[in-house]
Structure formats: C-alpha cells, structure tokens
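Please read the structure below before turning to the comments.
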Amino acid sequence: MIYKTALATGVMIFSAGLAQAEESYRIGITQNNVGVDSYQTTYESAFEQAAAKHGNVDVIVLDAGGDVARQIGQMRNLIQQRVDAIIIWPTNGQAVIPAIRQAHNAGIPVVVTNSKIAEAGLDYIAAFSGPDNVQQGASSAEMMCEALNGEGQIVQIAGQPGYTTAMERSQGFEEKLAEACPGVKLLETQPADWNREKAQRVMENFLTKYDDIDGVYAGDDNMGVGALNAAKSAGRADEIVFIGATNFAVGYEAIERGEYYGSIYQSPVDDAEAALQTALDVLAGEEVPKMNFFETPKITANNLTEFDKPVF
Amino acid sequence: MNMINMKDFLKGSGFIQPIWVFVIVITVFFSFMSEYFLSIGNLGNILVQTSTIGLIALGMTFVMINGNIDLSVGAVLGLAASLSVGLQDYGITIAVIAALASGLVLGAINGLIVWKTGVNAFIVTLGAMIGVRGLIFVYTEEQSFYATNFAFSDFGAASIGPFPVLALIFLVCTLVMHLVLKKTGHGRNTFAVGGNPEAALDAGIRIGRHMMINFIIVGFFAALAGVLLATQMGAATPNLGRDYELWTITAVVLGGTKLTGGFGSITGTLGGVLAIGILRNGMNLMQVPAFYVLVILGLILISVLIIDQRLNVHASKGVSI
Amino acid sequence: MASIEQGKQAILLNKKYKEGLLNFLSAQGILVFFLICMFAFSLFSEQFLSQSNIMTVVRQASIIGIIAVGVTIVIIGGNLDLSVGSMLSFSTVLVVDLHDKIGPAGAIVLMFVLTLMIGAVNGLLIGFMRLNSLIVTLAMLSAVQGLVLIYSGGKNVDIANQSDTWFAIFGRGYVLGIAVPVILFAVLAIIVQVGMSYTSYGRRIFAVGGNPAAAVYSGIRRNWCVFSTYLISAFCVACAALVLGSRVMGSQNNVGQGYELLVLAGIILGGTSLLGGAGSVWKTIIGVLILGFIQNGLLLLGYPYYTQWLVTWVIIILAVWLDLANKRKRLFTTHS
C-alpha cells in the first residue's frame, strides 16, 4: 500500500515536472460518425497515435454517431470540462455553429477538421484544417473531361444529402464540368449516402434507365466501386469511365486492374495529423491561417506507383 | 415478510419507483468515476440533453398508457425543426407557431386515422414516420437551414441563474403533464381506455376522442422538442430526429409504462429519460468508446426488463404455463 | 321454355361470377392494387415493363424479401423483430471478413452459426422469459450494431480476390437466366409457406400467435414455438447476408441499417396483421414487390427518391384500412 502510494506520488511528481518543462494541453475532439466508413476509423486511430507522440497532449476522443444533437451535447460537455482546445468534425456545416460560438465565447479555440462549416461560423473558429472538397470535385471533373475527350453522357452518385463534403464535391464537379467541358452532359444525380450497396442499386437503376452511359462520378471510391460492380454485372463496365474521390483500397486496386480511371488521393492520417498540429499551433500562440488545406492530388493509372495503397 | 415488503417497495407501491433506484445508483457510480460529473454545469447539461427525448416521452407516456404507440415522433420533430428555422423570414414568432402547429396537425391526423379507421396505431404511425420524413425532404429539398438571427440560438443557450432555460421548460412541462395525468378526467380516462377498452366503452367513455387528444399531445411535444433542439443548433437538418422514436419508447418503457396500456406514470418516464441521459453523459466523461456504449445501452435495457418482470412475477403466475 | 331457363341460368351464372369476382377482388385487393400500379407506371415509362428492369427490381427486392419471409413467421407467432437490420450488418460483415481468413465454406458455416445464436438469444428472452418482443429486439438492434463495430474496429471489410471465388454465386450468379438471389428468395419463400400451410408446426405457430392461452391448453409448447420463429428469422437474415456480402464483395458496418423498417413496411403492406395468428408469406412477397416497383417506377419517372416515402405512407394505411373495412363490412369505426 505504502509502496503504491509512493509510486503514485512519484508518477505525479514526474508528470508535474514534465508539465513544467513543456506546457501540457487537454484537447477534446468530437468526430462525425466513426465506424460508418473506414476513413473515419483510420482518422481516429491516427489522431490518437499522433497525440501519443506528443508527450504533453491529453486527448478526449468523442464520437457523435452522425447525430447533430449529440455532437452539440458533446461540445457543451467539452466546454464544461474546460479543455484547452476543441477539434470538431462537423456532422453538419451549419447546425454546429452556435455550439462553436459558445466555445469561442468561453475562450476555447475551436479547430474545424475535414469538413468545412458555413461562412457565418468562420468568425468563431481558430482555423480549419482539411481537404479542399470543392477543388477535389473540380479535379475529378478535369479527369472526367480528359478520359472522355470532352464528349459524352455521365451520371453522378453523390454522398449523404445535406452533408457538406457531399455538397462541396458535387458543386466543384458540376461547376468545373460545365465550364471546362461543355461537351459532357450530366444526365442525373442520385445520392447513395456513402454506402457501396446503395451505390450499386442506384447504378443498376441508371443502367436500365439509360442505354448510353459514358462515365460515372462518385462522391467517394466506396460508392464508385459499387457502381463498378453494377456495371460489371450488366456487362457494361468496359464502355464506362469510373472516377471517384477519397481513394479507398478497393479503388486503388481497381485502378491497378485498369477498371477504374482515377480518384483523389486523400489520406486520413495526413488529415488527422494536420488537425492536431493546427490545434497545437493555435495553442502555442502562433499565427495560423484560417484555411489550412492539405494536398489531395489526382491519382490515376499513370501515377499510381507514387502512392502507397490506402490502408482502408 | 420482509422480502415482500422489499418487493412492494421496489415495485413502486412505495414512494420510489425501481427506475429511480437505478438513476440514483448510476449517479453515485459516475460521481466517483469523474470529478466533472456532479458539477452544476454538467447536471444542467444532462437536463438540456435529456430535454429533447424527455419532452417527446411526456406525450408518448400518454399515448402508451392509452394503449397506442407513436413511431412518427422523430419525423415530426424533424419537420417542426425545419419549419421553425426555414420560416424565419416571416419572423421568429410566426415560424415557431407554424412549427408547433405542424405537430398538432400531424398528431391530429394520426389520431383521427387510428380512431376512425381502426387501423393499429403501430401501422398508422409507421406509415407517418416514413411519410413525414418525405414531407421534410420535399419542404427542405434536402438542404439544412440556418438561422441568421443569433437571438434564436441564444435562446437555446440561455439560462436563468444557474438553470438552463431548456431544462426549466422541460421540468415545467413534466410537472404540468404529471398533474394532467393524475388530476384530470382526461388522465383518468386515458388509463381506463388503455386498461380495458371494452369496459371503457361500456362505461360511456368516448375512447376515440381520448386517443386523438393523446396523439395531438404527443405531436405537440415532438414539435416543441424539435423547435427547442433547433434553438440549440440555430439550424435544422433534414435528417434530424432519426431513431428518436426508438429512444423515446425505450425511455418510457424503462420508466415502467406498459406497452399493453393501462399502466404508467410521468414520474417513471422522467426517471427513464434521466437514466438514458445520465448513462450517455457519464460514459462520455469516462470516455467509453462509442461502439461499447451501444452494447451497454442494449444490455441495460434488457436487464431492466428482466428485473421489472421478476418483480411483477406473481401477477402473471396464473397465465404462464 | 328452355331458352328462358338457359337465360336464367346464364344470369345466375353471371351473378355468381360477379360475386366471385367481387370476393376475389376484396380478398386479393392488394394484388389488384399491385397490378394497377404496374399498369399505371408502364403507361408513363417505356422501360418500366422491360425484362431487364423487372429483373433488376426483383433482384434488388430479394434481399428485403428474404428477411421479410422470416419476420413474417415471427409476426404470425405474435411477436415483432426489429433487430434484423443490425443482424444483417453483423452477418454480412462477418461472412465477408472471414472469407479471406478461413475460406468461403468456413466463413458461411460460422456466419450461420453465430447469426442463429443471436436469433437464439432473441428467442430465449422472448420465448422462454416472456419479455416484450418490441423492446427486446430494440435493445438487440443497439447491442448487435455495437458488436459489429467492435468486431470490425469500425473498418470496412472487403474480399480481396473478387473474380475467382465461388462465393460470388450467391449475389452475382445466374441459373437458367434467373439471378441466384431471386431463386434463393423464391425457394425460401416456398419452403416456408408450405411449412406454414401444410405442417403441424405451421398450425402450432398460427395457434400460438392467434390465441396463446388456448394454444397452451391444447398442449402446444408455446415457448418452443416462439423460440423457433426467431431461429427462422435469424436463418433468413443469414441467407440475406450471403446475398448481400456476395453482391457487394465487401461490407460497411451499418449496411443493414433501416432494413427492419423496410421489411415491416413490406409485410404490413402485404396484409399480414401485426396482432399475430394470421398472415402469409405469399402476401409478404406481394408487399415487398409493390414497394420495390413503386420505388423503381417513381425513379424512372424522374421523381426525387423521397417521393416514394410519401406514397408509402398513403398506401400502407390505405391497404390495411380497406382490408379491415372489408372484414367488418363498414368503412369507419362506430365508437366516438
């Protein structure tokens, strides 16, 4: 017993010493919906690993399960616990703004990660860190144009309706396509909620409805591969160009096999590390730009070897 | 002898209901596990987070004592939230009134259909749950709405002294509905109809009307919960309220209300929603991974059901063979 | 004289025929409705009645259909099963993940065993412990979803080598030009329907669901009957997982989310009463197909996907109401 107490005291003194040498931070993160897809799960473990590397960072990791109301509750809990900074992966780009404003008013800096929040909330955040989804959509449009030589009919399979990432990718894609590639016509867009099985069903319906489809743009590779599955079953995969975003392992392999034209390479590890680093920079009092985009390059069969296969 | 007294005590024939024993146990447990748990601020948080499900559960208790069920509350909540934000161009007051009215109307539609067609409430409200979600998507065109006026979201964050306004609204509503259930003719008839519809009919109780009133009550509370949730977010999303019907029914059943009707109480329901709220909050503070929270909530629900049944076992002895 | 007699007979026959038709219409109202829907959609969309479209819709509906066959039995037995959505996620993730680890045969066997075990838990709690089925399966909905996430660590699972595994047959294969999922659906439905109609087991389930007390007095072991319905439901979920996993060759953790509602909607639309003791697999098939074709038809006509929800709302209530009105020979209830 005495031994244990002594040990505990020792640890306390030790950690107190550490804290003096280097200021210690408590950072809370509330994520969107871990477990709904591998990207978010990989992000979570990468974030925890990154935090463990910094000896002085203590993280509180929460998951909103996709529910806006629960995320707001978690924001309030984190404010209540007086954490030093909050990182939020918004379940919705607008509905979380009042909660972010409350944190801001309580003097807690907020870093938004992965998915942007609406214009009105930008005043209350310390920084955003994540991919530029509008740019990603535009890049996909460029690839589509290139693959079809500027002519053809395509369909779009979008992510979850109402979710910022899905809307921004669609917006970026549609705007760029109309501008750079007027010869390519977008026949129809249907959502598949980031779900491969749903994407497969949506694509099956497209295939019966349209006799002539030259290309498919999917909001992520998970859905893109679902569309590819459907086209393969119908024996029409060869005549269709598939382009996705957020390169998944299955998409990477499909590019390798030559069945899939291209995607956007986006690493959840980069995403998580960038978010944590941004938060630490803010806490250290450094000047941090409001928008911190990390690189998300195009990936096609031509440059496939430059990238590691995604782990998710 | 002692044993029987203990049983009576736990069964709620004494002054305390079993769910409240559970609430006290988990409160003590979490206060040892986390230093933040018992702070005034956190308790306020729990009440605010509980208020959404809690308000709906008040109405659901009436509907369930009445022998019915309402699965459409989550969708009604979503529609009311979208209306209360989307119509703010006409002024916040009008938007809020329209939102609450939508709840009353949808509740009345559900109630009228159940009354006049005789179709099982489970089916009627399952249909409404799917259809009202469609209404939301038609109205919002899949978009989230954002309240440009911060006065709206400031209301959701306001407090009187240390008490958050939303928590106070919830507690006042709870008290009112407790009195309505206990002290009014409508409350008594709700029990009578749920306990034995034929006998109630013979006694000249207008069972259809009471059913409809109860559906209007739950519709109103679902809409109120939607409006208050929208003030917390300053926004509304088309998917808001999904699964809430499941958690609401869970909370009401945890509180001792019988799905077969004729038995239940508002105090029990308050215990039920607090139990879920405290569990979620406490597990958050203890950083229990989200995946395990799902399993734990499921297991606790089954355990409570088993305990509840064991306590009532002598009542059903005649039937079970 | 003879001609008058003949005429009388003809009139009588005609009357009989008319009554027969009316009876048929009221008994098979939902089937008639189904045919009217099909006709209406075919007027507005050329592709709707094309062979490829019909095959696509039936194939897509077969996963829900397979599950609905099992849940129909649970409902006839007087209970509900809301846990099938989470169970579908569980089974699909399991069979896909194990495919590469222990081979397709082992994966399928293990998946069936574990899925049946979850069904057995449902059956124990509801059949033997007599807990309320709505709440138990609601709790299982949450608990099993949690188990899936814990098992997979929240990651998607994939089958690495998709082109040469015989596992592909369940979701992608064709026999005599008919998709395997459809065949599975049909075979399962026929076996279960025959079992319910022509065996003493089926009669016992109807008895237990219709009048539990009477069933017990006539010597039926109610506990075992209820228990067995949940095993059948779990077995059907496992079959659906086979199709789903093979079709996608991968799985997300929430792939079955919401299936419990689609399944229920199909069953109710088909006309199986939630009170237990009545219903049929045949009706459920019609109900599931109606939902499938309405969804498909509305999309082909260019309506946004959520309009199908509004239509579902109206037709579910209408279908059950008219069925009820027909039985009591009165449109509205009489009490005030």
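Note that the chains are named A, B and C in the order they appear, and that numbering of residues resets to 1 at the start of each chain.
In this section, a contact is a pair of C-beta atoms (placed from the backbone, for glycine too) under 8 Å apart; a residue touches a chain by one contact, two chains touch by 3 or more.
If you're wondering where the values come from, they're calculated on a predicted model, not measured in any experiment.
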What kind of graph do the touching chains make: line, ring, star, complete, other?
complete
Please indicate which chain is farthest from subunit B, where distance is taken between mean Cα coordinates of the chains.
A
When centres are defined as mean Cα positions, the distance from subunit A to subunit B in whole Å is 34
Using CA atom averages as chain centres, what separation in Å is found between subunit B and subunit C?
30
Counting only residues that touch at least two other chains, what does the list for subunit C look like?
149, 154
Multi-chain contact sites of subunit A, meaning residues that touch two or more partners
34-35, 191
Two or more other chains in contact with one residue: find those residues in subunit B.
137, 142, 290-291
Show me the residue ranges of subunit B that touch subunit A in the complex, using the header's touch definition.
36, 39, 41-42, 45, 48-49, 52, 137, 142-146, 148, 150, 153, 156-157, 229, 232-240, 242-243, 280-281, 284-285, 287, 289-291
Touching subunit C in the complex, subunit A uses residues 34-38, 40-42, 44, 190-191, 195-197, 200-201, 204-205, 207-209, 222, 225-226, 229, 233, 248-250, 312
Listed in rising order, subunit A residues that touch subunit B in their complex are 34-35, 60-63, 65, 67-70, 72-74, 76-77, 80-81, 92-99, 101-102, 118, 120, 161-162, 191
Residues of subunit B touching subunit C in their complex?
113, 115-120, 122-124, 126-135, 137-138, 142, 201, 206-209, 246, 249-250, 253, 259, 290-299, 301-302, 305-306, 309, 316, 319-321
Can you name the residues of subunit C that touch subunit B in the complex?
125, 129-132, 134-136, 138-147, 149-150, 154, 213, 216, 222, 261, 264-265, 268, 273-275, 304, 306-310, 312-314, 316-317, 320-321, 324-325, 328, 332-333, 335-336
